[in-house]
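Shared between the two complexes below is chain A, which has chain B as its partner in the first and chain C in the second.
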Partner chain A sequence: MITSIDNKILIAHLLRRAGFGCTYDQIEKLSLMEYDDVVDLLINPEYGPPKDQDLLDRYFIASVEARTARHADPQWTWRLAKSEKQLEEKIALFWHGLLAVGGIKLDHGLAMLEEIDLFRKYGLGKFGTLLLKISEDPGMMYWLDNQNSHKDAPNENYGRELLELFSMGIDENGEGSYTEDDVKTAARAFTGWASRPTPPPFFLGPFPMEFSFDKSDHDNTEKTFLGEKGNFNGNDIVNMVAKHPSTAKFICKRLYLYFVSETEDWDEINKLSEVFLKNNGEIKKVLEAMFKSEHFKSRDIRFKKVKSPSDLVFGISRLVDKYKIPNLDSAELAINTLLMGQFLMNPPSVEGWHEGEEWIDSGSLIERINYASTEISNTSSYGVKRIIEIIKETNISEPNDLINRTLETLGYIDITEKTKEMIKDHLRKNKFTNKEDKILDVLKIIVSTPDFQYC
Partner chain B sequence: MVTTKLEYSHTIGIASFEGRGFMNPIDIKYNNGILFVLSRSNASNKNNRVSAVTIDSEHKFEFAHWGEDKGKSILPTAIVFDKNNKLYLSDEHLNRISIFDCNGNFIDSWGEYGCDTGQFNRPSGLAFNKQNELFIVDHLNSRVQKFDEKGKFISSFGLFGTKEGEFNYPWGIALDNEENIYIADWRNNRVQIFDSSGNCLKIITNFNGSEFNKPSSVHIDNRGYLFVSNWGNNSVIIFDEKQNYLSEIFGDASLSKWCQEFLDVNPEQSSWRENAGLYEEEKKFWKPAGIETNENLIFISDSCRHRIQIYKK
Partner chain C sequence: MSKQKNLVVIQLSGGNDYLNTIVPYETGLYYDYRPNMGLKDNSIIPIDNKIAFNSNIDFFKKTFDDQNLAIMMGIGYPEPNRSHFRSMDIWHTAKPFESSSIGWLGRTVKNIDPKGLNPITAVNFGKGLPRALACPGVSVASVGALESYGLFTGVSGAQNREILLDTVDRIYQPMNRDGVPSLRLLETGRGALDGADLLSEAPNNYSSDVEYPEDNPIAQSLKGIAQVASARLGTRIFYAQHGSFDTHTDELKNHSLLLKQLSVAIDCFQRDLIKQKLDDETVIWIFSEFGRRIADNGTGTDHGSGGVAFLLGNRVKGGLYGEYPNLEPSAQLEGDVHYNTDFRTIYSTILEDVLDVDSENILDEKFTKLSILNS
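Then we have the complex of A and B:
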């Protein structure tokens, strides 16, 4: 029997993993629905621009013609901080880390924004479609040097990363299901795939990048790939790779590590792989099975995953409900994730980011605590005012009750008993001039604890 | 219907974070032979400024760079000259009006955030009337406020909405010779015309069978012709003094003198451009904003292409 409070706790957990979290009031509203219905809502976003796209463009005109990834920041960070279609942004971030293109080398903010939008549009659909779209993405072609891959001299970069990092990967035994010859064949199949040249951005700003296919530079001969023979082109390679069982395992492992736990559980990953194969690689079906599983909902999974810088920054932004319309502060949110080690639209390599405990070092931890503490103490933010109001509405005198109520208002989060005792001790030893100061103090302490670094 | 095609003259500008060139120019004013171009720039590079240049592409000086101190700006939105040749600049982040002489020396500033009379919530378009009174589009307060040149509040009109006389994120403003007030009612996709007391006289929502798409700027020349930056559709629309449609232009830019010089000394970049061959694309407006005219010429700030496209009247 799922109680009302259990439903709220589960929905809050779901929103932290399938999104960036939400406010107490949003949880209250969503909890009028069954948990599974909330999952269905999340996995079926309607693709399209945000309703305030025009405002973003007006206020941050340089992001419209984004020359670099930094120029593009205001566009994506606004959606990360505000979009109601949370999973659409979360899955875009996932694919951005897996099918990684580095903004510094690409040096084309417009192309980066196009790519992020590609992840929104196809990221929950069939993996084969997504893989084909990213193979036709001019930014990806440029990033992995495919413009230098010619019929007579194939460049293996894209073919290799396609198999090793983007699809088939390696299995639980550390072995790949493809050979070095398969890599070479894939490279030959993608010859002629490139991006159209654009004028340099240094005098008129950037021009949109476009995919190009040069038939005369494509290797149009018979090839052998994964044991099959044929005159394969890039589409054929993508189709063969996308339906391969190794791809199912690799993609489901990465989805599991991103959404569920940093510790591989191959029983769960194999279950997801079966869903992947049964549904022609449809990612939303995999996520539906994942989020509705008892494993995902279990207490063992909650608050065991280190928040990425994006989880932390956009989670706090949403919690404190700071932005009504785009402003200078929202435009610079990416600086905060950068200071914590995540340079959005510029992953460190084609491998993307190394997640988990690696996010946290002494420097980034200070940034995390400072950011969270500053934002939660900003009483001009609507969300902070609302948290204080909710706690005040409950007539609480005992420190333990105050802490528990505060944890609920922060999204039904958990902290350890040891941390609770520490906060109680702090409350006993200090005198507060008014109730609001006391609440703010508890809020600041909670977001500064190690416990708050987990979701 | 009579349509006229404007004759293109030349282009000024090059993308530049500082010095010669512009970075997302969103407004332009002509004063005594000098063009004052307002670069909006972006949140990360912080290269906003007002540049003073000649029509022949001579860079003179610049001012109002990034900063909160007096004489600086953060998110500038518009500039205008008063009858004493003082330049007024609106800043929607600082909610402040800054005043400079025509050499770029700071004189004064005023304004504060709020929704009370005389306060601002993101001031944008600016225009003076013949009495040297300043109209400010106070866009998030959905109103137009009138001040004297010292910043003393005189009157205001408008409120949020979609009905006649109401505004939805208004942006640009212009006054005609009879002191009627034209407002680019941006999110309502229309231009509204008011008398000097703020009574709505006319609403223009379409032209030549098309509808406006987020008009950002309006300008009236000495003939009474109305120019509208159709920002969302990357075009500029011209009407005669009776608001009859004359033409729509999409940009005709050639390489500016500064761009040509850049390519001459950077043959690799020039070769890159030739290889791309997007010459027709290069001509087009991308988010046109502020418009200005003098006796003979029309100046259009082409904000995403970092240049001013100039046409003959």
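Then we have the complex of A and C:
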């Protein structure tokens, strides 16, 4: 029997993983639904620009036809911090890290934003479609040099990364279920795939690019790929790769590591791969199975995953509900994740980011603590006012109750007993002139704990 | 007697214009290519009958005359990349041909202090860690301003801050917690807290009559370095950045200002080091991710390849190293100067003769080091 409080705890957990977390009031509202219905809601976002798109464009004019990747920042960070379609942003971030294209080379803000939007649009659909769209993406073609791949001189970069990093993967010994010849064939099949500039909409700024196919530069001969013979084009390669069992395993492993746990559990990953194969690689079906599984909901999974800088920054900014309209401060959000080691729209390499404990070094931990403790105690933010109000409404006198209530208002989070004891000590040892100061101290300490670095 | 030496890195971010830093004032081609921006007369201080310092770095001239400045001419790497990010990455990781997220100095810290006993073996001044210092499991302090460094710097009231710090400090005590939070995270927390403690104490015992100009950011960073160095906390690598040298427009004005700031800052720093009796153990390394185009674009210059770098200090054997690149069209690389010294030869020299580590361990390759440092 699921009690109402258990339902809240589970929904809060779901939203921290499938999104960036919720406020107390949002959880109250969502918990009127069954957990499974909340999953269904999350995995079926209606694609389209948000209601406040015009507002954002007006405040950040330079980001609309963004010249550089940096100009594009406000367009994405605003949605990471505000969008109600949380999974749509979270999955875009996932694909941005897996089908990674870096601003280090593609310093073209418009192309970068188009790519992020492609991840929103196709990121929960069939993997084959997504892989085809990204293979046609001008930014990706430039990043992995497919522009320079010609019929008489194929460049193997895209063919190789497509198989190794984007779909079939390799094991710890560097072995894949494809051969060097398959890489060469893939490269040949993608010759002639290029992009061309379209007229620029403004006087300044880069030319928007579009996909082009040059038939005369395409290797139009018979090829052998994964043991099959045919006059394959890039589409055929994508189709064959997308339905391969190795791809199902590789993508499900990456989804598992991103959404569930940093420790690979192959029983669970294999179950997900079966769902992947049975549903023609439809990602939302995999996520549905994942989020509804007892494994995902179990206690062992909660608060064991290190928050990425984005989890931390956008989690806090959602919790404190600071931004009613876009302002300069909201544009700084990208700087905050950067200082913590995640340079959005510029993953360090085609491999994306190394997740987990590698996020945290002494410099980034200081940034995390200073950012979180400053924001959570800024009483001019609407969300902070609300947190204090909720805690004050509850009639509590014991330190233990105060701490527990605070944890609930922060989205039903958990800390270890030892940490709790030390906060109790803090409350006992020190005198507070009023209740609000006491609450603010508890808030500041909780977001500074090692426990808070997990979600 | 050989005393342990420390390294101070000054990164000139944005691509410092080689030709207007060390000016080939007897080469007619230079003035042909730089009709609007060729430096002459009072704007230069001759080094010999071919090349001259930009007059804004007059302190460099003084150190050169004292034979404590080594000028690395035509420094770079094969297949130059003209993207700031990529080129800076190459200098940071010392890997021209592959993408890596581990910095050469981060690896060095791991080599010097494998157990991570000193959280401030390397200290970076500035926000955000440069990739040069990044390495998994290595603790590097990254300081905005020394006075306000540490946790809860935004909390009002010193007493409140102390109380909070005390509690958080106790929460990060490594003890058995069944895996979560992990020991590694707790130890990182300890490193951060201890490093912050050590560093915030450093200015207390520092006194100096050298006045670093307040409105000169690189001077302020070097002041912070002098404060930490004088506290002798075992820091071997200091890192600071100056810029932006990305002078596509208005170069004469902007480049002059940046060089002047640099020259004044190093002048202050060197005088301070003498006062602190640190001048014999400090070596300054100054580099940029690339030089700029030979031809100007009207009021500025665009991204180029092949640049100039400097080693400076009492232990440095001053002089000119490498050759000034030839500006003849036939000798150019797509409008840029060719490099003639691989920067990794200087890295290997710094690693072995300043930081006392095996350079091959860090660079994964053996380079013939130069004889630039007196032991």
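Simple rule for what comes next: the second predicted complex is superposed on the first by the 443 of 455 C-alpha atoms of A that agree within 3 Å, B and C clash if a C-alpha of one lies under 4 Å from a C-alpha of the other, contacts with A are read in each partner's own complex, and residues count from 1 in each chain.
Keep this in mind: contacts are C-beta pairs under 8 Å (C-beta built on N, C-alpha and C of every residue); 3 or more make two chains touch, one makes a residue touch a chain.
Since the structure is predicted, the reported quantities are computational estimates derived from the model, not experimental observations.
By the touch criterion stated above, A:F303 is placed in contact with chain C alone, chain B being left untouched. By the touch criterion stated above, A:P201 is placed in contact with chain B alone, chain C being left untouched. Once the two complexes are laid over each other on the shared chain, residue contacts for A:M33 go to neither chain B nor chain C.
When both complexes are overlaid on chain A, the residue A:K418 reaches chain C alone and has no touch with chain B. Touch counts on chain A: comparing chain C and chain B, the chain ahead is C.
Contacts of A:L407 after superposition: neither chain B nor chain C is touched. Of the two partner chains, chain C is the only one touched by A:T374; chain B is not. Using the contact criterion defined above for the overlaid structures, shared-chain residue A:A331 touches chain B, although it does not reach chain C. Judged by the touch definition given at the top, the superposed model places A:V64 against chain B, while chain C stays out of reach. Within chain A, no residue touches chain B in one complex and chain C in the other. Across the complex, chain A meets chain B through its residues 54-55, 57-65, 67, 70-71, 73-74, 196-205, 207, 325, 327-328, 331-332.
Across the complex, chain A meets chain C through its residues 103-105, 107, 303-304, 306, 338-339, 341, 346, 348-350, 354, 357-358, 360-366, 369-370, 373-374, 377, 416, 418-419, 422-423, 425-426, 430, 441, 444-445, 448-451, 453-454.
Of all residues in chain C, those touching chain A in their complex are 83, 85-86, 89, 99, 101, 119, 124, 127-129, 134, 136, 138-142, 150-155, 163-164, 167-168, 170-172, 175, 177, 180-182, 184-186, 188-189, 191-192, 195-196. Listed in rising order, the residues of chain B touching chain A in the complex are 14-15, 23-24, 26, 40-45, 74-75, 92-93, 140, 169, 171, 186-187, 214, 216, 232, 258-259, 262-263, 266, 269, 272-273, 275-276, 278, 281-282, 286-287, 303-307.
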